[in-house]
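Order of writing sets the chain letters: A, B and C. Residues in each chain are counted from 1.
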């Protein structure tokens, strides 16, 4: 469990990234922070592994203040995936995945076989293990980034717009893959994105942020869609217009879902399928 | 201090002679480097060859070059022409690669849009490509100027008059003040030329203040 | 051109290749002074440069110092130290160290700075200590630039060792200044050719090292 307790971050030059933010992320839950640039979402995420130290308030992991922990040890037990894969260009893919186990003193052979297994787990051929990152596509590099984050079998996974730099088709694939992994592994995931569709797809709980880390609304995707807290949220999720402003029309006795401009987008069944 | 006051005339004379040997190579290297770089950029093999050659040339110490050149030029060993020619060659060794890089850094789409607007090739080079490469050219010129001013002193050991003679004379006659004033004047001359180039760059390229910094 | 032939004849003369003032002895002196000067300078400049590059502290100051040092006339330093410290190794070595520092310093901090900040950020987020980031990420990836700084320092010091013969030290420059005093042009020219050859050989060797050491997988920009 991760708990943000009234945290704030003001930089020495006087700019305030986050004013006063509180949130609890339950164990094994996946929570998405979503907001535009300047909302402080990345700053908040980086407080968890002490890449950023808050200037006020506390961040607790399982009721223990991270400020009291050694940042290096803390980071080694938290997985971190970032937008630019951040892989070491002079190490092979397998060596990259094995970075943390290797730092922790696991033997080269054991950390390598673990790395190859992880590659398979994130949907990559283990033969890619001996390539260098520059020989991989952007989507493959992001998968390696996920494998690397999982290498030390952390309970917590921090993901900072991990799929932001890949094309839409690959992004959709990676999102699906992440959902599959999460259903198998049940990690505590804190995910940051500016893409509301991605947030609704991946988050059991979604937190919409205004600039300065102010929580506009917090809830499940359906709660937010059904009852947006204010105009900001309504505009942000686009529930008032466009493809989310849907209504029903009856055609030949069946319920057809139609969007704002009158284009049919689907058919309504009596018992809607649950979200995967 | 008394030595300096008693020899102000000599210092001025040496400073002028120094400037006379430093300025021509700096100007020549700059003016010649641009067409050479332009030519090199249009032919890949030439560019690679010139860059590699320039790098090697820069490794050659200056004194041997001052000694070898009289054979080729038919000048005397104490002639300042040797110094000017040798330092022009060094200047080119520094300036051609940086000019080539500078011209290559101008974005192709900018040039294409200039052509599309009806610039003839020379007009395009003169009024679009050269100004856009300007900040990087200025950066290269600064390195050439500082290095040239410092290298002129080496001619002193051969008896070519310049601030370098102050080192030779001061060492032989055991006058620390003479050597020190030589060092200070050389460094001051280098800094002054460097500042002039920076100011000139700001006047000619007012949009690019922040980019004129940096060495090679 | 006949003078050039005379110079090569001077180099080829077997009597030059033995005895206390022969070419092998002068060459060894030249190499020894160069190695000593560059090594001492590296001990000072490389740690400072890596610290500056890694921590981004005092960067402006370091750039200014290494830039200003380039404006210092080599011959001026050599003669000044010669007057102050007299005959012996102190004066020339001090000059070599001062003149080698700017290139080494610039090589070291630009080595760190050449590494993609995202790569460093990711390494830190994985739980690498600052020392591990420096030794396992920044130094290996920046190694070509570090070697390039070393090469420029070596080239600079080879030229300075030659000038230091003027104040009475050994090295290949001896031949040049001896020839100058005796108005013996072939000897001057012969000495010059030897110095140029030495500088070029060292430059090429270090360029090969630079290329060979560039880490696999890391595309050079």
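The definition used in the following text is that contacts are C-beta pairs under 8 Å (C-beta built on N, C-alpha and C of every residue); 3 or more make two chains touch, one makes a residue touch a chain.
For clarity, every value in this text was computed on a predicted model and none was experimentally measured.
Colleague: Taking all protein C-alpha atoms shown, work out their mean, then name the chain whose own C-alpha mean is nearest to it.
Modeller: If we average C-alpha coordinates per chain, C lands closest to the whole-structure average.
Colleague: Out of A-C and B-C, which chain pair has the most contact pairs?
Modeller: B-C
Colleague: By mean C-alpha coordinates, which chain is most distant from subunit C?
Modeller: So the farthest one, by centre of C-alpha atoms, is A.
Colleague: Need the CA-centroid distance for the pair subunit A / subunit B, whole Å please.
Modeller: That pair's centroid distance is 55 Å.
Colleague: Once you find the CA centre of subunit A and the CA centre of subunit C, what distance in Å lies between them?
Modeller: It comes to 50 Å between the two C-alpha centres.
Colleague: Once you find the CA centre of subunit B and the CA centre of subunit C, what distance in Å lies between them?
Modeller: The separation of the two C-alpha centroids amounts to 21 Å.
Colleague: List the residues on subunit C that touch subunit B in their complex, please.
Modeller: It comes out as residues 1, 3-4, 67-68, 70-80, 82-84, 106, 155, 158-159, 162-163, 166-167, 173, 176-177, 180, 185, 188-189, 191-193, 195-196, 199-200, 202-204, 207.
Colleague: For a test of understanding, state which residues of subunit A touch subunit C in their complex under the given definition.
Modeller: Interface residues on subunit A, with respect to subunit C: 49, 51, 72-77, 80, 82, 84-92, 99-100, 103, 132-135, 148.
Colleague: Which bits of subunit B are touching subunit C when the two form their complex?
Modeller: 55-56, 58-64, 67-68, 71, 77, 146-147, 149-150, 153-154, 156-158, 163-164, 167-168, 170-171, 174, 176, 179-180, 182-183, 186-187, 190-191, 194, 215
Colleague: For a test of understanding, state which residues of subunit C touch subunit A in their complex under the given definition.
Modeller: Residues in contact with subunit A: 116, 118-119, 121-129, 132, 136-137, 140-141, 215-219.
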